[in-house]
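Reviewing the structure listed below.
Note that the chains take the letters A, B, C and D in the order they are written out, and that residue 1 is the start of every chain.
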Amino acid sequence: MKKRPLLKKLLLSLLIPCAVLLVLEAIALGKGVRLFANADSWKLFFRAVANVTLTTFALSINLDSGRFDFSLGAVSMLSATVAGTLAQQWGIGPWPTLAIAVAVAALLGLIHGGVYVLTRIPPIIVSLGMALFYEGCAFAFTGGKGVSLVTRTDIIGFSTIGNYILVTAVAVALIVLLFDFTRFGANYRALVSGQKIAVETGIHEVGNALGCYAVSGALMGVVGFISLANTGSQQMALNFGSIGIMFTAFLPMFIGGWIGRYINKRVGIMLGAVSMALISLAFARFDTASSVQSIVSALLLVLFLIYLNNEFAILSKFRGKKEAES
Amino acid sequence: MKNLKRFLSLALCLMLALACVPAMADGHVKIGVLVSDATSSEALAFRAYYTEYIAKAYGVEFIYSDELTDAAGEKSAIDNFIVNNCKAVISFSSFDRPSQIDQCDAAGIYYAVATGTLSDEQYNEYKDYETYVGAIGPSNQIEFQAGYDMAAYYIDQGMTKFGMFGGAVPYYNDMHIYRAAGMLAAMVEKGGEGANYKGADNAGAIIGQIYADGSIEPCTIGSLELAAYVGGYDFNDAWFGKLAQMVGTEGIQAILTVGSGVDVLGGFISGSGVKLATVDSFTPAMKEAMDNGILDYMAGKFAASIGPIFAAMLNAVNGQPIRDGEGNALALGQGYWVATSAEQFAEYSAVDSSMTDPAYTKEILDQYAAAGVSYDDFAEFVSKYSFDEIVALKK
Amino acid sequence: MGKQTIRERIPAFASILGLLVLIAAYYIVGAIRDANVAYGLKAVVNQSVVVALVATGAVFIYTLGSFDISLGAATGVSALLGAMAYNATGSLAVMFLVCVGVAVAIGFINSSLASVFNLPIFVTTVAMMSVLSAFMLILIGWNGAGDTIKVKARDVRPLDNIPFKVAILAAYIALCWFVFTLLPTGREAKFIGGNPVCARLSGINEKKLAVIASLISAVGIGLGAFLTIVYAPTLNKDTASSIGMDVIIAIVFGGMPVSGGPRSRILSAVVGAFSMGFLSQIMSMLNLGSGYGQMIKAAIFLLVVFIALGSQRGKLLTR
Amino acid sequence: MRGMDKSFGATVALRQVDLDVYPGEIRGLIGENGSGKSTLTSIIAGIQKADAGEIRFHGQPWQPASMIDALAHGIGMIVQETGTIPGITVAENLFLGESSRFRTPLGLVSRHAMEREARQALDVIHADHIQPGMPTAMLDLQERKLVEVAKVMVKKPEILVVDETTTALSQKGRELLYRLMNSLKAEGKSVIFISHDLDEIKQVCDTLTVLRDGRIITHFTRETYDDDAIKTSMIGREMQGDYYRSDSEPSWREDVLLRAEHLTGSGLRDISLEVRAGEILGVGGLSECGMHTLGKALFGSAQLTGGTVETEGKAFSDPRQATKLGVGYVSKERDTESLCQQASIRDNIAIAGLKHIQHKRLILKKRETAYVQKQVDALSIKCRHMEQPVSAMSGGNKQKVVFGKWLGAGSRVLILDCPTRGVDIGVKQSMYQLITQMKREGKAILIISEEMAELIGMCDRLLVMKDGVVQKEFLRGQMNEADIIRYMI
């Protein structure tokens, strides 16, 4: 890593979100639509930032350790289901409900981690099994009805820009603290790139893995609650209907990895999420059909990956040209 | 030989699990149920009526399919019913009805459609199949009418600016397209002189236009305005954003939905003052939404509306099928209960949610699940589906 | 030089034993529930054959240590275009060729994207999956006949019989087995899955193999698409959508490591697909609710994998 | 240490081992691969646990829970493989597993305090140029090894275990390590030193313990050191024949089999060379001089900006073409680059020679078995059957499998990067004989090695590299260690 001046680092990290914003604003101008037209647009933007940031954290925590997790969506669904049902029965407000969702989701993550640690089945397969299992649980728990809290104005009232910012900020802060400034985090980072050495040195891998699953689960609990509070309802899904949410996290994860070269990787993920949120907002503002959305998102993912995996070649060509010119 | 031991233990586990399976080989009638929706409140209400009321009352067993997503799934599910020695299949799934009928006919088991109807062409082909019991449910015309009524209800109140949620319209779903077309047709009809939707000014043209576009475009229809439209079930940030935007549209008065209105829009409607109308069922969640003013208008199929088709099926299984004078199978329409006030809703849902005294009880059904019931008697029975008629019937 | 002991060979048969246990359970549940078990066997073949075809081809991709989640969507697109081609020409041969051709084209795009630009195959296929699913909807729109694309059932009915399907499956498995065992391709693929660096330094052309693997797997997808039409000639936007996940589960059920490498086997896919077929028959006979049914299915899945993978408990957690 | 037993599955690694280490002693441990040296020391250092037996340390029973635990109580080990983690900083590696020491009152880990202490630790071993805040991945292998040394030394261990660490170190690094070991000795502390290099071990150690097949065979003291006796006790029989080549004149045939011109990039600067049939060309230098990259470059697998490689007039630029043209490459990283660990001996040997096995394009099991069997026999690879996965084999046997892969494929040019790294003496000798044999058969052989004796003993010609440039060429008979080292540094 070359030492770069702080300002340059900052500019490079903001490059992607700013570029996305500029391009989208240009398109908006062309279409005669304003990207941030009203409070609803801002709300959509910050909700998307919160959702995507947390989901990407949840995915990357385990993926960085080579543990693929298909169960994220199922965890979010089941925790929101349990928390929502209890909120309905006990009449509790949004914050206690959020706390329950997080606690339940952390527990679900822990169980997932426990099954993995006990059976030693490859994590990707465990996660498939757990995704099915949790979908089944949520269905059985509500008899398939899901949760409807549309009349609970207090819980729906949680969906404000302020709360979204608060939740995102707290989550980013906690995650940065946990993974960069604690013993758990130090051990985690050691395990990520040097599993064998770390274990031989005496780092407790099983404990760390369980911790990761619990944290990842807890994040999905927040995501589940945000979506519950947003629509006031939680729909059920069966037969892997819940795994789609994972795919939204790939692009921000790669963008986060790229930005992470210049600043803290976890902040990078958040900036990646900001870029994605802008795109989501644009889709909504431009009233883009969902098949077009899928294709555009997929193309962006592929294009970014092409750049990432051929950066050396692309940059050296670019530089070579420059040198030739000068 | 650790692996072998593990296998033995797995085998043992399976055996133990099987020991828990109640031996249900007492020769009762098994009926397979095809469902393409296992989670909507309507589907769950139907399922509860069959498995918790009818199954106990008549000593039959219902075997439900998984949530089907395509014709191949339907075929596999019917195969599974045949394996289970089901005597009959009741279908809530419509990816490929002709093939379902053919498959059941080949296996010699009875088949009935519980929601929707066959097209005329299909009916003509299958009406004289011995195993085809028939269809009872809202036809496309009734779906169209449900949409029409919903829109007309608000236009007649003087409202002019609407939003619309099209559900499965982008997936070319007939039921949702007809409902949406009904709404547009009401706007065209009541929008004053020369009102049209993208040039279409009659039912057929509107339906054709929606099929051609796979979508609906916001536009002015005469003096009325369709200010916003959202379709699909993407459940992603952009989609939720579009829904929120629609509710936030300046001056919008009512949002007409072809279904799932409360589930997808309830959170945004809350406190906005916009009226929400939907097609759903009489569940506690909907009742609460109605009580709290989130839901303003609901057309719903009552859970027991699938009682008559069961009665007809039972007759067929017992060797006394209901056929018309020419020996043709049933083809009967059945519409919705519409609630526009909390009181009305409370009344409906009290009857509808009861598992001891549902709209169609065993006593009522028994009158028609019997030998010698004529096609006309049965048709008259089914046609009296409105709430008041059923309450009268119960007395 | 000695021979392998029986103990050393057991892992290779664990999944077959798993299949046998499931078959036994099937007969027992069938007896208790008074089911038509003979018909059930036919149903298992009918329901498993498409997954078995696609999964057998996918073994090549998995052997390389990569992962394709767009298989279901690729099958769906192939089937839709195949059906449209039939409706345009009325020829089953054209339908067959279009199914296979479209699948091969998709496989070619997938693999060349991945190999020309050095992309990780998994993420490429994630992107491909969304594109293909969106494309299916667009095709249905183009076709303009409501929410389905239909081939007349009576036109394909002559082909809708077990001997024909089993013959196609057997022929394809034989082809895959041939390529996998008797040609260098299989050895090289296993080697890449085991250690890509070493494979490259042993003169193996990874990119060529990635393309070959995609193409062979594409043939399986094409055949799967063809049989999908034959089995249920009414296609919609979700046709074959579950196949992507079913294939992963089948391959794992069949005792193959998801990470590929030297322990990959062609027959894993068939064994796994049929295991799933029997399991789903058992579940349907037990007639549990959707929620509980799925929970038990998940538990059995994990249990079977746990047993089939044997006791490879290292000091480190598996990745 | 009394009655130590340890087995891995069916393999018995240690049987009834008794060993005493005294204060102020540098104890050498020597033995063939798989003799149990690493197992023994890893038990002492807390990496694994013994099945039976007892260790006493200062008279107390010694049962460390982990490496950190052992280190905290006075026994530290520098492991054979890389012992640092690339993805974290130097400071984090130094205090791996002990970050809680730097906890602030808020429960967070203070990076500042950690880096400050890391600085001190690095200063102790005079590694001034390494910054504690740097990501470890930015360091080269030698610097990483030094970080490990610092990690252990900062704890001031009573017993230091050094497991074949010196192979990764340059001369300068080695001297630094020797200095540290001697200062420990002077303080009355002990060192257990493992190495394959007999010369090194003789120079460094006061006493020497020989292990074979998990048993202690004998002990030597400095006074009784005798090469032949040590070698004999290690391999359990008399060494027969020559260790290196017997002739002392350079020789080769006329035809050039490998020619490289102006190779540039990835640290190489305009290197040209040719290897003739029947020639053994050596390339020596410090580990970072670019010679390992050169090996890869000659096989077409390095990222170059310029230059060409050709064999018998046919140019190639990637390993695939190279293999096709009969060039073979044995990597320095045997386990990660030369073998597929989970695959069987059969698969590993057959993979490069599939086209020789093919009969009418088909690979028939019978022909494959014969092909593999031929190599197994020719190289006397020790195994129960050829389906055995190579991961369970010893280093020397694994290397034979790699050789078998290329010999079977009929390679005429062999690029051998550290071919005897981590290989024990018995196997080493047979490999040298094999290489000599290949020379006689007219193959062109390029040996890249960090072991001077091996290069001098085997090569017809020797190129000495430094900073990516060939500094000097020596011919067989003119090579002497002092001269060579002068050009290396």
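Rule of thumb we're sticking to: a contact is a pair of C-beta atoms (placed from the backbone, for glycine too) under 8 Å apart; a residue touches a chain by one contact, two chains touch by 3 or more.
Remember, predicted model here, so these are calculated numbers, not experimental data.
J.: Strictly by the touch rule at the top, which chains does chain A share as contacts with chain B?
T.: Correct list: C.
J.: Give the label of the chain whose average Cα location is farthest from that of chain A.
T.: It is D whose centre lies farthest from that of chain A.
J.: I want to compare two interfaces, C-D and A-D. Which one has more contacting C-beta pairs?
T.: C-D
J.: Let me have the rounded angstrom distance from the C-alpha centre of chain A over to the C-alpha centre of chain D, please.
T.: 43
J.: At what distance in angstrom does the C-alpha mean of chain D lie from that of chain B?
T.: 72
J.: If you average the CA atoms of chain B and of chain C, how far apart do the two points sit, in angstrom?
T.: Each chain's C-alpha centroid was found; their separation is 34 Å.
J.: For chain B, write out the residues touching at least two other chains, lowest number first.
T.: Counting only residues that touch two or more other chains, chain B contributes 38, 66-67, 170.
J.: Which residue numbers or ranges of chain A touch two or more of the other chains?
T.: In chain A, 139, 143-144, 238-239, 290 touch at least two other chains.
J.: Check the chains against each other and report every pair that touches.
T.: The complete list of chain pairs in contact reads A-B, A-C, A-D, B-C, C-D.
J.: For chain C, which residues count as touching chain D in their complex?
T.: Within the complex, chain C contacts chain D at residues 1-4, 8, 181-184, 187-188, 190-191, 194-195, 197-205, 261-263.
J.: Residue numbers of chain B touching chain A in their complex, please.
T.: Chain B reaches chain A through residues 38-39, 41, 44, 47, 66-67, 170, 215, 232, 234-242, 244-245, 248, 262-271, 283, 285, 288-289, 291-292, 294.
J.: Give every residue of chain A touching chain D within the complex, in rising order.
T.: 1, 177, 181-183, 185-187, 189-190, 192-194, 197-198, 200-203
J.: Under the definition above, what is the set of chain A residues touching chain C in their complex?
T.: Result: residues 65-67, 115-117, 119-126, 128-130, 132-133, 135-141, 143-144, 195-196, 199, 205-206, 209, 238-240, 247, 250, 290-292, 294-295, 297-299, 301-302, 305-306, 309-310 of chain A touch chain C.
J.: Using the touch rule from the top, collect the residues of chain C that touch chain B in their complex.
T.: Contact set of chain C toward chain B: 7, 10-11, 14, 17-18, 21, 24-25, 28-30, 32-37, 39-40, 42-43, 46-47, 50, 137, 140-141, 144, 146-148, 150, 153, 228, 231-242, 280-281, 284-287, 289-290, 293, 296, 303-304, 307, 310-311.
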